[in-house]
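A, B, C and D label the chains in the order they appear, each numbered from 1.
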Amino acid sequence: MIVGDRVGGRSLRWGMVGGGRGSQIGYVHRSAATRDGIFALVAGALDVDGERGRAFGIALGMDPSRSYPDYKVMFTAEAGREDGIEVVSIATPNNTHFVICKAALEHDLHVICEKPLCFTVAEAEELAGLAKSRQRTVGVAYGYSGYQMIEEARALVAAGELGDIRVVNFQFSHGFHNTAVEQESPSTRWRVTPEFAGPSYVLGDLGTHPFYLSEVILPHLRIKRLLCTRQSFVGSRAPLEDNATVLMEYESGAVATAWISAVNAGAMHSQKIRVVGSRGSLEWWDEHPNQLSLEIQGQPPRLLDRGMPYLHGTALEEDRIGAGHPEGLFDAWANLYRRFALAITGSSQTLTFPGIEAGLEGVRWVENCVRSADQGGVWVDYR
Amino acid sequence: MIVGDRVGGRSLRWGMVGGGRGSQIGYVHRSAATRDGIFALVAGALDVDGERGRAFGIALGMDPSRSYPDYKVMFTAEAGREDGIEVVSIATPNNTHFVICKAALEHDLHVICEKPLCFTVAEAEELAGLAKSRQRTVGVAYGYSGYQMIEEARALVAAGELGDIRVVNFQFSHGFHNTAVEQESPSTRWRVTPEFAGPSYVLGDLGTHPFYLSEVILPHLRIKRLLCTRQSFVGSRAPLEDNATVLMEYESGAVATAWISAVNAGAMHSQKIRVVGSRGSLEWWDEHPNQLSLEIQGQPPRLLDRGMPYLHGTALEEDRIGAGHPEGLFDAWANLYRRFALAITGSSQTLTFPGIEAGLEGVRWVENCVRSADQGGVWVDYR
Amino acid sequence: MIVGDRVGGRSLRWGMVGGGRGSQIGYVHRSAATRDGIFALVAGALDVDGERGRAFGIALGMDPSRSYPDYKVMFTAEAGREDGIEVVSIATPNNTHFVICKAALEHDLHVICEKPLCFTVAEAEELAGLAKSRQRTVGVAYGYSGYQMIEEARALVAAGELGDIRVVNFQFSHGFHNTAVEQESPSTRWRVTPEFAGPSYVLGDLGTHPFYLSEVILPHLRIKRLLCTRQSFVGSRAPLEDNATVLMEYESGAVATAWISAVNAGAMHSQKIRVVGSRGSLEWWDEHPNQLSLEIQGQPPRLLDRGMPYLHGTALEEDRIGAGHPEGLFDAWANLYRRFALAITGSSQTLTFPGIEAGLEGVRWVENCVRSADQGGVWVDYR
Amino acid sequence: MIVGDRVGGRSLRWGMVGGGRGSQIGYVHRSAATRDGIFALVAGALDVDGERGRAFGIALGMDPSRSYPDYKVMFTAEAGREDGIEVVSIATPNNTHFVICKAALEHDLHVICEKPLCFTVAEAEELAGLAKSRQRTVGVAYGYSGYQMIEEARALVAAGELGDIRVVNFQFSHGFHNTAVEQESPSTRWRVTPEFAGPSYVLGDLGTHPFYLSEVILPHLRIKRLLCTRQSFVGSRAPLEDNATVLMEYESGAVATAWISAVNAGAMHSQKIRVVGSRGSLEWWDEHPNQLSLEIQGQPPRLLDRGMPYLHGTALEEDRIGAGHPEGLFDAWANLYRRFALAITGSSQTLTFPGIEAGLEGVRWVENCVRSADQGGVWVDYR
């Protein structure tokens, strides 16, 4: 049970790049990081518009001298301070992740980077190498993995409750972009522009989330080959897709299907994962994240609830309130930032932590999907 | 509203092949056909064990002289009677459908045949030709299409409520055969034996159902190419699959995914169809068949209920009781048998009727799936 | 598993009073009774308009000479036939139940009567006395009690799964009469007219249903005192209520609340029952009757499904199709008519059968509710 | 959309009484108050055990000199500081609310007090008088009222979407105390001990929550008379109840039922409110707080989702993240603390704020319920 104790007894000195006023995900980072004072936001380069970014940083309570117009200026200036930032989060459009992350590591900062980590496996490996040589931690913002029931799912599989895994289905298929909303919405515009978004839209933007959940829940599975088809139902988005389907075969013989979409009209998130084993199945849905369905063949399905004593220990570690009360996205992210703090401070950690390998694997998955799709949706050996 | 009136004012003289005591689906046929006296069961060859079949027919109230040990005997004998059967239902294992159906048509009977209609498109075309030349109706027992909300789904799509169709997902994925239950259950045993089941297990046994629903709801879509992978998770079932995934691309550019399984451990039926258009989506689930979810982007999802005045006329035609009361499988099948009677008697019909083309299309779909799967899960042009 | 065998090997000769063309519940009776040929509809006086009734009977296939204009004529005529009816169902407005039932018993017929059985306990006792002296069975049409999951609920309580019963909540609160629909609908008009409906509208029309379910599930509880308030939200319905709340205290110390309404705007049926014991609870909802929620404190809630081997034997006795398939209202009623046939023929019966005492207890409950309500909603000792 | 701006540009200096380590609700207060730096926790007397309280305060980052062993010491000491606290939250067992709240007001502090505010209406009025004369704000911790969908419910009713209100049903009926868990749990022990809990257990502890929601959603309704029965199913809890039912009649003719319980075995929270009007109904459930069901008679029910543009403006004001993402309890409480800050700083406020009258009305409701129950469950005029 989390009651507000600080990791290591003090707040980590934290900066942010991106996440300016009006951004989609900036507030979530700040809310999560500063929960219980685990991180303290002392510096930032929050906006592509330097002045707007500075004003917002000041409004958020930063020392004006530490609300920077530009991340490079920030990294240099902070490196020169005794009390300079130790860790930085990057919440900018995808195309900038690689360069900013690299610059941060070169300034010996720990980094929490948005997904997708970068555009290519080669880039990701370069970042991983740098992180290793600089002995710095890189975390990737797979926020949904902070939900406690994901730990329960992982524990159930590890305990063999489902038997041998046979089928995995995951999806993240919302409907908010069923028309060309990018004409009005800048946050969508860059997502459908290769220069900013990278080689994919929904696969990278949405798909990496449940893909990472599948890795957390099923750490023993290795993809052997994969097939992806992608479509641009709003035609102006081509070559980037707004809908994709991926078939995967694992080394073990298990199979998976993923449906990733931004044109699932009328749906909210529809991020779900179902894992089917020889004995039973589990299913989780991010819109009602405090529940997990456990279905053992021949028994009535059970609806597990967050916070209940019948859960595995790892699923109870991060509860912040008793069972019955719904925790939400901000709590999941706060869990994740807490795990980042544990990783950064080298504290012991029992739960899943999406480090740079998780970021790399996400990029790899997208790269393989795109490679398959661009050949007409053929099977490609996973590499 | 159906209140018990007979189609054409009299009961059709009806016989059955298969559906003996202990069979899975025999009682459903009888219950549906005899509802409101639309069909009268006057003859039968109900069992592969002739004597057991005769005894059961008598127990069901047949004239002992018309409870036959064998369908050939029945067809001949009945053909010789003034009051002989006009129509026969075939509810035997798959391998016998073709021969029995053919024999029935050759005896100038109308036929209601279980799915899959037969093993190959060539066979199906032969039956279709025979039906045409003999001027006889062949209906196929796609029972789920009798649910009223399927008509509503069809009407919603036809009215353009969903906009242009983009994505279709359907599944029939139960968990009852997650282990080798066929060792104890004869009804499962023949299903996993190619000689009796044909070229596929779950694709034909389960998949043809939601595939037909997709045809009913989306009559304007034509499959262009298709890809299927299939697995035998219970190894002894090979070469027949107990799990399959199918990707489809339609001529229109829409795409579809199907998940068909008998090893979805812990699930009951999980027969679902979701249709996504440019404007909104609909979703239906056979375990709660009186509801249909209609989700228009930007509006709250609506849960439509059978029997309510806001539905389309075709969805209200076959109500048997006011809204709020659940109708079930037997009512859906009774609707279907009523439509069969309308077809057989040449009466006018506004609703969907799964005739021999529907049976043929199901066989074609399985054939294409198997062709793809057997080449390692590659795209095949639909033919 | 029911497969179509006849009770006692022959159809019972059955007549109907009421349930004419356009009536709400007539078709349900016929559909249920004739299922598997357990009853054969050979005579009827189906309508208050004698000629319309006769025409409808003939349309339903009756011998024209046995489609009567009037129930008295029918009882006399049928009594004079060798092959006269043995049993009659009464599906007329409430005010006629007593006289018709009495007349039927006086003609030595078994009776299946609609609820509420009559208007007063005194009347009910008179009918019970007559039934006893004539040695005839009276069944009451509590159709929902035919759902298999009600037997499961009963078995769970009997097995002590819930511990000591503490709280019972039941409701039947639809929204279809939120405005004065009786101005257009004859079926509603008599329901809100004391002369036809009796001393109550929703308590008798709707409330007796879940009240009977509570008796089936909790046979050991005896009401000690009760309090009822009732309202006529559509004012023209006064003195009859369209909404009522009832508090009950049982001898055992358990308590109950009932909410009965026809003005629960926007709701379909909302017939539900929740039983809370010291150990756990169960909940059932008639719109999804194949499921039953079982919630043991400290364990995840379980959703039990019809037809599954983990259910109690009594809940499996009347399955007509395998698990996963939804059975519906017509199947529940068919179960009930089957039990009526068993009772009438003196066959052995393991399941609940709503006989005349059940009818009497429903009338008693309404009488006590009305007595309380008419004194301003005070506690009255149950009598 | 909340993005982290501070109310009035600075953090309010905030202290806490109670909410020590291991307490149920202390962390929620701190998490909510310090969100976005709206309040800064600078002082505390967190525990009945002074030393434990001091240690915990220091662990939470307080200046050791401001982590007090006792609230009286704190109030005096802080009053003597230039930078002393301006506002204090009280999260101690019920019996202490009155004295601590009084002392705080006498030290000219704004107060955020846990519910129930105190034990009697007389006490509540005394506090209200004191708050008025000292010109201080008292907020009451009705945390659930911070959920955005409650504002939507309020707006729907205000806009007349439901028509005239007829029936209100609310409940908070969990199952966690189905046995005498108080033998092990101190947090439960005081709740069932009159000296600490006051005149009721569940009515005050749980019931005041949905009662307040009913006031927020239905501000125009005035209770005319009320009837309550209460039970102690775990006998050792007498005279305090662990289950209660309340009937209410409003001046308008509308009626309400409340079920409040801690012995609803197997249930999680089951805090729900349903409001039925002449035109339609709404329903909300605190376990899935981002949804609201809106059911207009004759239309399909709609499931409204937090954050969607179709909601009323007041329901969108406090969103912290886009639609589809679940917000939870901590976000609702943060909304509430934000509203408290607005009230304390005299800023303009469009949303509901549970001030001292809300606290008083809760106490009044409990007092009336207890008065009724203690006379045997009779109607009492509301006063």
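By our rule, contacts are C-beta pairs under 8 Å (C-beta built on N, C-alpha and C of every residue); 3 or more make two chains touch, one makes a residue touch a chain.
Being a predicted model, the structure only gives us computed values, none of them experimental.
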*Using residue numbers, check each pair in A-B, A-D or B-C against C-D and return the one sharing over half of the contact pairs.*
A-B
*Taking CA centroids for every chain, report which one is farthest away from subunit D.*
B
*CA centroid of subunit B to CA centroid of subunit C, Å*: 34
*How big is the gap, in whole Å, between where the Cα atoms of subunit A centre and where those of subunit B centre?*
43
_Taking the mean of the C-alpha atoms as each chain's centre, how many Å separate subunit A from subunit C?_
55
_Can you pull out the residues of subunit C that are in contact with at least two other chains?_
176, 294, 299, 301, 305
*asked:* Considering only the defined contacts, which subunit C positions touch subunit D in the complex?
replied: 162-163, 166-167, 169, 175-176, 178-179, 227, 229, 231, 233, 243, 245, 247, 249, 253, 255, 257, 259, 261, 263-267, 276-281, 294-297, 299, 301, 376-379
*asked:* For the complex, give me every residue of subunit B touching subunit D.
replied: 294, 298-305, 308-310
*asked:* Applying the document's contact rule, which stretches of subunit C touch subunit B when the two form their complex?
replied: 2-6, 21-22, 24, 26-28, 30-31, 34-37, 59-61, 174, 176, 268-269, 286-290, 305, 320-331
